[in-house]
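Both of the next two complexes hold subunit A, though its partner changes from subunit B to subunit C.
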Partner chain A sequence: MGWIKRVIALTAKDIRVELRTRYAINSLVLFAVVTLVAVGMTIGLQINTPSLHAGFIWIAILFSSLQAQSLSFVKEEEAKTGDLLRLYTDPGVVYIGKLLFSFVLSAFLAVVLIVLYIFLMDLSVPDMGQFIVMILLGTIALASATTIIAAIVSRTAMKGALFAVLSFPLLLPILIVAISGTESILTGVKWTVLFDDIRILIAYPAIVVTLSYMLFEYVWNE
Partner chain B sequence: MTKILKFGLLIYFGAVIVFAFIKPPPLTGQTWSDGSRIFYFHVPQAFVAFVAFATSMIYSILYLKRRNPLDDRKAALSVELGLVFCILATLTGAIFARIAWGSYWNWDPRETSILILLLIYAAYFALRQSVTDERRRASFSAVYLILAFVAVPVFGLVLPRVYESLHPSDTIVSGGSIDLRGYVAAIFFSSMACFLAIYYWLFNLGGRVISLEYKRLEELDAG
Partner chain C sequence: MADNTTNKLQLNVKSVSHRFGRRRVLSDVSFRCETGDAICVTGHNGSGKSTLLRILSGLLVPTGGDVELIKGGTKLGKSERRRALRLVSPEISLYESLTGFENIELVTKLSGVEVSQSEMESALEEVGLEGRGDDMFGAYSSGMKQRLKIATAMITEPAVLLLDEPTANLDDAGRERIYHIMHDFQVRGILIFATNEKQEVRFGGQVVGLD
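Entry: the complex of A and B
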């Protein structure tokens, strides 16, 4: 099989397993809803400033996306299928395959979250196109920066806590940019204003993914 | 020989500190001008922290190439030293912030950035503690350090430039008010050299301890 075919096969396998077992999706969606309800009970509908909304949206996305990312490799280790993957294909394929699966999973979660958020918080978005681009770019950036950390953490002693501690600093540049971008979208701006934010949201994950791709074999084969 | 160097450093650094306080401050015309003397210490500390983190990344790359456990230990040592200098830079920065901006902590982009750097490298030790297998720990820590070093320039250079900051490098130095010439340059670069020498000294000492420990372990294994 060619390289791209193998990557797609791996991603498709993960999606298929997920759809069959619902290992993550059910609890993740519920987790997202709980986060939103917690946010909603705190602020209700009284406070309606763009900066607060942007902050809350990204906190909710960050937490559910962290939950989602931490599962992708833990699942292989728990089911003892990691060794089979190591035998069958090279680390680069595994990394990109898992990365694509993270994209799909976290983009799905983000869409669920955003629809619920708009519904529950009575959020009015001036330009829906900008909003969706920013949310999806940010989510994908979050997923791409954490995939290799998830691989590291899946093979250490205290998985959950360590994952948040290790990935949070790597995610912060993305989070800062995404929050400020979302804030300016909610106040209503032109596309040209957003280009700086969008550039960072593409460049930073691109660097991290390239490095992760080169380093992944040292994590995976160890 | 090393004894002479040590005493030389003591006298030289002492002189630098004295001159930093008796010469006119590097910045004049502000109510907090005297506070700008911290420039001689804060900037070199931050620079040495950067050097230490860069060194740790280089040793991490070397570890992944050569698989020599000593490289891993040296990377960890350099992170420890870097954290010390980073904490010093944070504290001196906070003192300056108190004098010039009114409070120790303002959540300025610069302050947030350095706090996050501290978090990144503190998390490194959490990672090391939670992996028991030595080879695996060395590999994972090396990968993490290389990844973390991507974040250093982002926090140090990119974000504070994108979001407006009160930090003097953005509001004063680039405006040309600190003139890096004459005695200001002499004190500043001397202080930089002293801090670098201290870092090198500590790193060298630590490295020797690590090598000795390792040799002892090997002897025990052989015996």
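Entry: the complex of A and C
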């Protein structure tokens, strides 16, 4: 059976387990709703500047995403299934399978957050196509970085603290670009203005995923 | 005429030692076996039986010594070795929120093996779990879990089977089924099992004592 089929089998397993246990989805949706309702009820309707909207959107996506991704490998170790994956398949299959699951979970989360945000904050988006591209590329970039960090911390004692410490320097550049790009979109700009931000949001996960794929065997087996 | 020796596997365990921090768990363990052999690893609790099996499976790198799996005079690489070896251990679980069939299907797909529904049903039947393939693994008793883990390992047709306490949590009928599987397997592969059960030691052509 081909490599791709094995990757799909692992991602499908994660999605199936998640749909049955709601291990991440319930807490994430709850987190998203509480965050947005709290912001919306306090200062929501007074926000009119694109920069504040962009900041709030990405802070909500970031924290929900961090919570979701940090669980993916930890859950395998806690359930004693990590060694099952080590015994039965290549590290590359595990990395790409988990990465795809992270993308799916992040994309789902982003959709929930954005729909709620637009509804609760009465946000008007000049170009929905640009907005969706920016949110998708940003969440993919976040997921690419958090997946490898989650793998690194999964077998350590101080998982939560270490995850936050390692995430900060890796995620900050991508967060700045995503906020800046979203702000531009909310002010109403042409696609050409966004090209630099989009290029970074494509290059960043490409580099992170390539390096992570090369290093994953050591992270996973050591 | 086909040369049967080229298909035979050899497992060479050379002076394997292991430490966890400053505590030495294994010291200079050596043995050699080939297809058709059965090795019984015995020793008191904490003597390093499980650690030795984890080292043999490739899950743990020994702090000293080496483990070689040789086929046709060539030492197998990591991925070939991974495909050849299966470890069943109390420390390794299947997925609680997947059914028996789904667990078998996942493991076979991950290891690159295609199996049909009837093959999965036969595998369950062999360990006495017929009719339970659609139940969640989490709903199985501890004995049933052990049987499913063995069925899952066997269906991928390993060349080396490593069993850590193979009959733990099993009733008499379950033990007999597993003994039957062990007996059948040792004819065509290398069977290495760790146990303290005296009645199981009889399966081992060689006994590796870690006391």
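A few notes on this one:
Methods note: the second predicted complex is superposed on the first by the 220 of 222 C-alpha atoms of A that agree within 3 Å, B and C clash if a C-alpha of one lies under 4 Å from a C-alpha of the other, contacts with A are read in each partner's own complex, and residues count from 1 in each chain.
FYI, a residue touches a chain if its C-beta (ideal position, glycine included) is under 8 Å from a C-beta of that chain, and two chains touch if they have at least 3 such contacts.
Quick caveat, the model's predicted, so the values are computed rather than measured.
Of the two partners, subunit B and subunit C, it is B that touches more residues of subunit A. By the touch criterion defined above, A:Arg86 lies against subunit C but remains apart from subunit B after alignment on the C-alpha atoms of chain A. Of the two partner chains placed by the overlay, only subunit B lies in contact with A:Tyr218; subunit C stays clear of it. In the superposition on chain A, A:Val17 makes contact with subunit C only, while subunit B stays out of contact range. Applying the stated contact rule after C-alpha superposition, one finds that A:Lys75 touches neither subunit B nor subunit C.
In the superposition on chain A, no contact is made by A:His53 with either subunit B or subunit C. Within the superposed three-chain model, A:Arg6 lies in touch with subunit C and out of touch with subunit B [touch as defined at top]. Within the complex, the subunit C residues that touch subunit A are 57-59, 79, 82, 85-87, 89, 91-98, 102, 106-107, 109-114, 156.
Looking at the complex, you find that subunit A touches subunit C at residues 1, 5-6, 9-10, 13, 16-17, 20-21, 79-81, 83-90, 93. Residue ranges on subunit B touching subunit A, taken from their complex, read 64, 116, 119-120, 123, 126-127, 130-132, 135-136, 139-140, 142-144, 146-148, 150-151, 154-155, 158-159, 162-163.
Subunit A makes touch with subunit B in their complex at residues 148-149, 152, 155-158, 162, 165-166, 168-170, 172-173, 176-177, 180, 196, 200, 204, 207-208, 211-212, 215, 218-219, 222.
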